[in-house]
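You will see subunit A twice below: alongside subunit B first, and alongside subunit C after that.
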Partner chain A sequence: MRAGRGIGEWFRVINLERVLFLLHRITGVYLVLYIFPRPYLILLYGSWEEALKLDMTPIGKLLAAFFVFSILLHGINGLRIMLVELGVIKGWPVRDPIKPTPALRASKANWLMVVLTVLGTIIGTAIGTYLVLYGAETWP
Partner chain B sequence: MRASTERTILIIGAFIMVIGMPAVILAAIALGEIPLDKALSTHPLVTIPYAFVKIGWGLIWAVVAVDWVVHGSHGMRRVLGELIKSERGRKILDFLINAIMVITGIVMFYVLVFVT
Partner chain C sequence: MKSLVVKVKRFDGSKTWWQEYKVDISSEKISVLDVLIKIKEEQDPTLAVRYSCRMAICGSCGMVINGIPRLACQTLISELGDSKITVEPMWNHEVVKDLVVDLEPDFEKVKAVKPYILRDTKEIYESDVEFGQRPEDLEKYYNFAYCIQCGICMAACPILGSNPKFLGPMALNAAYRWSADSRDRGWNARRAVIDAEDGVWPCHLAYTCSAVCPRGVDPGFSIQLLKSAILRRRARP
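Right, the complex of A and B next:
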């Protein structure tokens, strides 16, 4: 796959940043597909209670668990991307002739955010999935 | 739309969500509108945004939700834009994305504020 050639380019995984990029894109598309039909469903069913019944089915719970995972990963990794884009996270490249390191990978702040993304997503998804499966299905 | 404009909208949208969503949730818990024990024992989709509609905070959540729609639309424009090669196709995509964004944004606002 050559560079700049559509979605196939996402899967040209060569390092950690590319994996995070791929996951960011996939979770972003999932969030849009999950959230955008929601207001129309509520409009169609006429109430929140009726629309929420779909989320309490086994398939609805599976989709909700992946939604929790997606929103956490997309959100925390999105924060890292924002900090990189705004120049808050930056580093200096290591110009080693044998093993050069790109600027971003030399940044401790970037690694901290990567660890935060992974840990936050794992812990949050575990809690969120538990609540999706066993949490109360009505609000008083 | 210029790529730099799109990027700016995406970043501003993301910033509002990253700050706005936790802020609204924490404020509702801190003010006792949503009890913490209830939030930690309820299906997340029941808590958010249904609980916000129930306690009358639908309008506040609608600001975050509409921003969500704008951010998502621009993200999808980026993703789908990678599949389109012609200028005409890009203009059609722009039009469709803008139409979906406006309609979904209005419907999202309506259901959060006026549907209970």
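Right, the complex of A and C next:
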């Protein structure tokens, strides 16, 4: 018997970075499911304009709003991951016998990117959702 | 006197069940391991627990306590702040019995990254002097050498949940520690193992391994240092 939940391990919440990891996975899957079928809708509906009418329906607008959320979170968090992997966001673990601090927890640059991911996603999604639902004409 | 309710996930080779034990303790400044040994001695000698040093140096007593992988000997009852404790075997591992898991796959992964100094044997056997190392060279890998190979990071890793072939933080940390050692010349040999589909690349910075490491090793960061060395084509991490 293998202990744990298998793929369900992705959904276990233990630390903040793991939540971002989970959201990154979910939004990545959503982006694939949202973007890839779009050219094939032309085959179903006969033309791009007819296919785009789906986006004007209430469900279409909701899906578009979630698309905005997905692209912001996946993009900004993805940028953070790339900057860490390339060594642009630097850091070093802080050694302490009682409470050691991992490098990325001690790194101000990493925290800045985490805050940017969260705030950028929330603000961008709020603006994007407003524009999707009400259009640019009513924008103050 | 304080009363604890300890729920342990049992496994006898065929079935799994949760078993509750009521334990009275005189002080909260004892570890979860002390409580499990007390259960074994006074209530249920069939409970299987792996432990050895009782001081967070051997890495034997890794288990999931109240939903977080930890060392039982290092986790005090007072830290948990709860009189209800749940204990289960480390995730992502095959359970042998109760809280004892098979760590052999983890050790095979560590062996695969060649966790020792790789150097020309001529240099080793024909040299009259030892291989020196400056303090600043030591700093490059010292923190990552604290690893006691307890497997807690492997239990915490979400990628290992869906991809058991992933080398995992324990092995990749070992790969970094030995490759970053200035006395080592084995980066190219190790890179062939870690720059692979199940090497460093499945890691997407969930960072739970570093959050739960009982020795402050930060294996999640050592994986990123390996990636950086590969991407920037460095001669060594």
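Simple rule for what comes next: the second predicted complex is superposed on the first by the 128 of 140 C-alpha atoms of A that agree within 3 Å, B and C clash if a C-alpha of one lies under 4 Å from a C-alpha of the other, contacts with A are read in each partner's own complex, and residues count from 1 in each chain.
Everything below uses one rule, namely that a residue touches a chain if its C-beta (ideal position, glycine included) is under 8 Å from a C-beta of that chain, and two chains touch if they have at least 3 such contacts.
These figures come from a predicted structure and were not determined experimentally.
Using the contact criterion defined above for the overlaid structures, shared-chain residue A:66 touches neither subunit B nor subunit C, since it reaches no partner. By the touch criterion stated above, A:43 is placed in contact with subunit B alone, subunit C being left untouched. By the touch criterion stated above, A:30 is placed in contact with neither subunit B nor subunit C.
With both structures placed on the common chain, the touch criterion links A:9 to subunit B and to subunit C. Using the contact criterion defined above for the overlaid structures, shared-chain residue A:136 touches subunit B, although it does not reach subunit C. Once the two complexes are overlaid on the shared chain, A:111 sits clear of subunit B and of subunit C alike. Of the two partner chains placed by superposition, subunit B and subunit C are both touched by A:85.
In the superposition on chain A, the residues of subunit A contacting both subunit B and subunit C are 6-7, 9, 25, 81, 85-86.
For subunit C in complex with subunit A, the residues that touch the partner chain are 9, 11, 16, 64, 67-68, 88-95, 101, 143, 155-158, 160-162, 204-208, 210-213, 215-218, 220-221, 224-225, 227-228, 231-232. Every residue of subunit A that touches subunit C in the complex is listed here, in rising order: 1-10, 12, 14-15, 17-18, 20-22, 24-25, 80-81, 84-87, 91-93, 95-96, 100-105. Only residues 6-7, 9, 25, 28-29, 31-32, 35-36, 38-40, 42-43, 46-48, 52, 55-56, 64, 67-68, 75, 78-79, 81-82, 85-86, 128, 131-132, 135-140 of subunit A touch subunit B when the two sit together in their complex. Per the touch definition, subunit B reaches subunit A in the complex via residues 7, 11, 14-15, 17-18, 21, 38, 40-47, 50-51, 53-54, 68-69, 72-73, 75-76, 79, 82-83, 100, 104, 107-108, 110-112, 115-116.
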